[in-house]
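Two complexes are shown next, each including subunit A; its partner changes from subunit B in the first to subunit C in the second.
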Partner chain A sequence: MIEYLIDGPLWYLSLVVFCVGVVWQLGSIIFASRKTDLSVARDSASSGAVKTVFSRFLPHKEIAPRIRMQVAAGYMFHLGLFALLFFAAPHVLFLEQHLLGFGWTPMPHWAFIVSAQFAFLGLIMLWLRRMVNPVSRLISTFDDHVAAILTFIVMLTGCFALLEGSTALRLLHRFTVELWLIYFPFSALMHTFTFVPSRAFTGAWFGRRGIDA
Partner chain B sequence: MSERLERGLETLRGEIDGKVKSFFSSCVRCGICAEACLFYTETNDPRYTPIYKTEPLRKLWQKEYSFWGKLSSALGISKPMTEADLADWEELVYDGCSMCGRCSMVCPVGVDISMVIFKVKHGLAKAGFSPEGLVGATQRAVDIGSPMGITMKAVMATIKHVEANTGLKVPLDVEGADYLALLSSNEIALYPEYIESITRIFDHAGVSWTLSSEAYEATNSGLQIGNKTIAGQLVQRVVDGAEKLKVKNVISPECGHAYTALRWEGPNFIGKPYPFRVVHILELLDELQAAGRLKTTGMEHQRLTFHDPCSIVRRGGVEAQPRNLLQPMAENFVEMTDHGSMNWCCGGGGGVSSNERAEKLKLTAFNKKKSQIDALNVDAVVTACSNCRMVMEEGVETNEMDIELLGLTEMIAAHLDERHAE
Partner chain C sequence: MDHFLPKRFFNCLARSTSTVLLSLSLFLPQLSNAAVPQKHEDFPQGVSAINPGSELWREVRRRDGSGEFNEVNQGLLVNELLHEIRKGQQMPQGTSQVDQVDGGVLINAQGKRWALFRMTTLADYSAIAIAVIFVIITLFFVIRGKVPIEGGLSGNVVKRFSDYERVVHWTLAIVFLFLAISGLILLLGRPLLIPLFGKDLFALLASASKEGHNLFGPLFLVSLIMMLISFGRRNIYEKGDLTWLLKGGGLIGKGHVSGGFFNMGEKTWYWMVILIGLVISISGLVLVSPNFGQSRLIMEFTHIVHVVSGMILIVVSIGHMYLGSIGSEGALEGMKSGYVDIKWADAHHDRWGKHCHEQDLIVSAEEYARLQGQTGNISEPATEQGK
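The block that comes next holds the complex of A and B.
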């Protein structure tokens, strides 16, 4: 019964909540009213938007020395998670069989181990900083902690499922993924998508003023 | 709920648009913005973290626009916002933020934090949570026409001195002139040499210009306090003055926030585009130099650096012009470690210098500029904002630093090559 629920209705429910929620949230940003800027532009807003969407992947050189740890941990976590999500052999197989109908070459086992270590280490470093650093501790919200803990649990159960190969552990992983998908659109996890319009809005603002941002 | 709280929250609600939604839903509370803020780096007080200064608006967004906020309200377990949610942030946004916008340059998810802080200021100002010094300055700007209470009579007295010193006529209310020059209160009261300098330069370059007896003040206390209604009224005065004289261009003076108010935010404040062009004095001088109408002679031999005023450079886009203008005159010019769009603020922008309560914090924040200047071992710092100059002069005196502060326009006037006068 539990297996049926987790592999069936709950899976589809979580997918629907995730997809509808993400589209709804993005729509509420993109289609929300915005006042037209009446000042005469000095340069192109759209090229500024495109540039800033990509330029903010790297820290400004003037500030980089002060945030090395955060940048390193951030990249370790995000790249590690991305690699696990789309190139771990069980995920590639799952996406092919249950969602897309096609697959691609998964990463080798050693790369999986490296990616998992990067992702875990990065997430733990970021979370510890959130708990210890006075600035991060002051500004962090309950949601930030829930999102981090939930992501950690999903990654941990994923490793268990892979190592043990048992149905119970596979179901546990899938169940945590479903919780994560349901929580995603209503949480800080939405930054996965909303960083794009956020950077674009700001880049357009700087772009029309002729400022390299 | 008190009337002032309701007024403040209603104003904040009006500020939540698509941009604000994208900013708050993408912020991951990484705290990187703190490292870009001189009020944090010089005090180590986490409350000065830029994104923390936006809390009143974020709380309202979370409560009324997010899923969990709406759910909490529907279940009746949501905590209502109180006057303290606004009052407790007054010191942070007015005393502890110079609106320099450096935080907006470094946010990894692209939040324009400075813009959001301005929106918070708008809500606080409407609710009456603003420092006394700024309230007084704004009132004088509305009632008298200048935040320092400078009347046209004082301007006329300055014009007489300028005419006596230069032997040139300062044009006043000349209909059909190409350029209407505006002034900041500081330039009338503290640095009248700016008026003398533009008089000499425009005569040298053959520029058709005028001052207006009805629109002489460029500064905008409405922008500094965050009241868009008053900011619009003050911009409208300039528009009316410019339209009356039928000028083609309006010159924003050596004042950072005046440039933001006139060039970039003004049309939005009054809800319509201008029928004239707004140009910063540095842009105009650069254009005149490029066209061969502005020639300088002689070199400054002392070791110089340039302080980039935040509102003109980082938030205004006038970065290359001051360097183009300095290049032919300054033979020993050095850049600060962080310069241009990543320069550090003097500490007194965004109305901080008009806010007596923030005096001590402003001088603490100046330590960042002091360390930049000390590292270069320069003889003089050139800038193009009378407010930056005033704040730095105070910092230099307080710290007994042995450097000179110069205005760029004055430096150009001092080096005019009279053989090439038009």
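The block that comes next holds the complex of A and C.
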């Protein structure tokens, strides 16, 4: 019964909530009403937007020495998770057989494991930094912690199911993924999709005013 | 601002509810299908990606051991071999087309001895060691209680550890705890957990623990290296450390013993973590990578080294956790907030405390409250670490 629910109805429900939720959230941001900027443009908003989208991948040199650990851990976690999600052999096969109908060359098994280790170490360090630094702790919401812990649990259950010999462990991983998909659109996890428009908006605003930031 | 949070919360709630309802409406055709008796096989289930580990074990399980065997012609030879194996300690070497280490070994008698040692002596003594350390700590706590700071804490603090140092410490702690628990499940699970959970559930737990243990193992080595870089310099032994040791670190008798930034006990624990941790990590890497030509004998020996060194670290770490939390007043604050009470510093690390007084590194209780974000502006005070 549980197997039926997790592989069937709950999987479809989580997919629909994820897709509809993400589209709704992005739409509400993009189509939100904004005041028309009547000032004379000093510089190009578009070039400011493009510049900021890419320049934010590196920290400002003034603060770089103080946030080396966050930057390193951030890249470890995000790149590791990206590689895991889209290039781990079981995920590629799943996407090909059950979702997309086409696949691509997956990573070798050793790279899969190394990616997972990078992602785990990065996530642990980022969450700990959030907890130990008083400023980060103050500006962190309940949602930030839930998002981090839920992501960790999804990765951990995936790690438990690595041997691919147990249906129960596979279902446990699948169930946590479904919870994660349902939680995703209403949480800080949305930054996966919003970080580019957010940077572009800020960059365009700065660019139009000729601010070099 | 007062109205912002409730409004935002209700907006978010309304949006979430609407999305779920809309999703459910889109999902109705699926639900109606689900109401009709439908085969589970119709749903997307798992996939069969080749995992080298699982493939190996599938191959091992397929072997039924029957093979081509002519009892009349081969019986004598087999009997001789079995007799030799039972009688002696040696592993009779034959020839084989399998071009691998130990490929010519028909039966590994040593393997059985190792398995017995692992399942009886090693598991028994490990369980006893953990039980004994808990008994000792409980007795110590009952007799001595929490080691207090004379006159209580002052509220004025001094910065002891930077954010980075605490992140490194807690990363190592989390990874170590995960490895310790998963390792103990693998070592002691058979006698302790099967009676509680049954074989099926334990099989799941053991499989999950084994995969988790293997994946998290290298993270321990990385955390260890970060620990060595961050804390190594301040843990080099210096004059006065031996006196601390001779006086039992102040736990025996009354009064605190003189110590620097780290005392002799902390330094010894630190080097134990580094050195024994390296032994655990290297032996773990040998075990988790069996394809580098190491023989079964080496693997068995490495496994024993791995377990024994791991148990030493687990047992001593329980003592460390006790002394760093409920065993000593004010000790946990150093790793929680990064600050310790100046009276704690004077009592346990008087040479460092004196240095803090001289360098005017003491932060008042009010300033400390601000630094923890309770009120006012946040500004970093001067520290001797410069981090």
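Basically, the second predicted complex is superposed on the first by the 212 of 213 C-alpha atoms of A that agree within 3 Å, B and C clash if a C-alpha of one lies under 4 Å from a C-alpha of the other, contacts with A are read in each partner's own complex, and residues count from 1 in each chain.
Here is the rule we use: contacts are C-beta pairs under 8 Å (C-beta built on N, C-alpha and C of every residue); 3 or more make two chains touch, one makes a residue touch a chain.
Here the structure is a predicted model, which means the values were calculated and not measured.
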Checklist entry - Looking at the overlay, what does A:His109 touch: subunit B (first), subunit C (second), both, or neither? => result second
Next on the checklist: Applying the document's definition of touch, where does A:Phe186 land relative to subunit B and subunit C: first, second, both, or neither?
Outcome noted: both
Checklist entry - When the two structures are overlaid on chain A, which partner does A:Leu138 contact: first (subunit B), second (subunit C), both, or neither? => result both
Next on the checklist: Contact-wise, after the overlay, does A:Gln117 reach subunit B, subunit C, both or neither (first, second, both, neither)?
Outcome noted: second
Item to check | subunit B versus subunit C as contact partner of A:Tyr12, first or second or both or neither | outcome: second
Checklist entry - Between subunit B (first) and subunit C (second), which does A:Leu169 come into contact with in this model arrangement: first, second, both, or neither? => result second
Checklist entry - For subunit A, which residues lie in the overlap of the subunit B contacts and the subunit C contacts? => result 25, 28, 133-135, 137-138, 185-186
Checklist outcome for this item: So, in the complex, the side of subunit C touching subunit A is made of residues 12, 15-16, 18-20, 22-24, 26-27, 30-31, 34, 38, 40, 42-54, 57, 163-164, 166-167, 170-171, 174-175, 203-204, 207-208, 210-212, 215-216, 218-219, 222-223, 337-338, 371-373, 378
Checklist entry - How about subunit B: which of its residues touch subunit A in the complex? => result 17-19, 21-23, 25-32, 34-36, 40, 46-47, 49, 51-52, 66-68, 104-112, 115, 263-268, 271-274, 277, 314-317, 319, 338, 341-342
Item to check | Complex contacts: residues of subunit A adjacent to subunit B | outcome: 25, 28-35, 37-40, 42-43, 52-53, 56, 59-60, 62-63, 66-67, 70, 74, 130, 133-141, 143-144, 185-186, 188, 190-191, 194-195, 197-203, 205, 209-213
Next on the checklist: Taking the touch rule as given, give the residues of subunit A at its contact with subunit C in the complex, in rising order.
Outcome noted: 3-4, 7-9, 11-13, 16-17, 20-21, 24-25, 28, 69, 88-90, 92-94, 97-99, 106, 109, 113, 116-117, 120-121, 124-125, 128-129, 132-135, 137-138, 156, 159-170, 174, 185-186
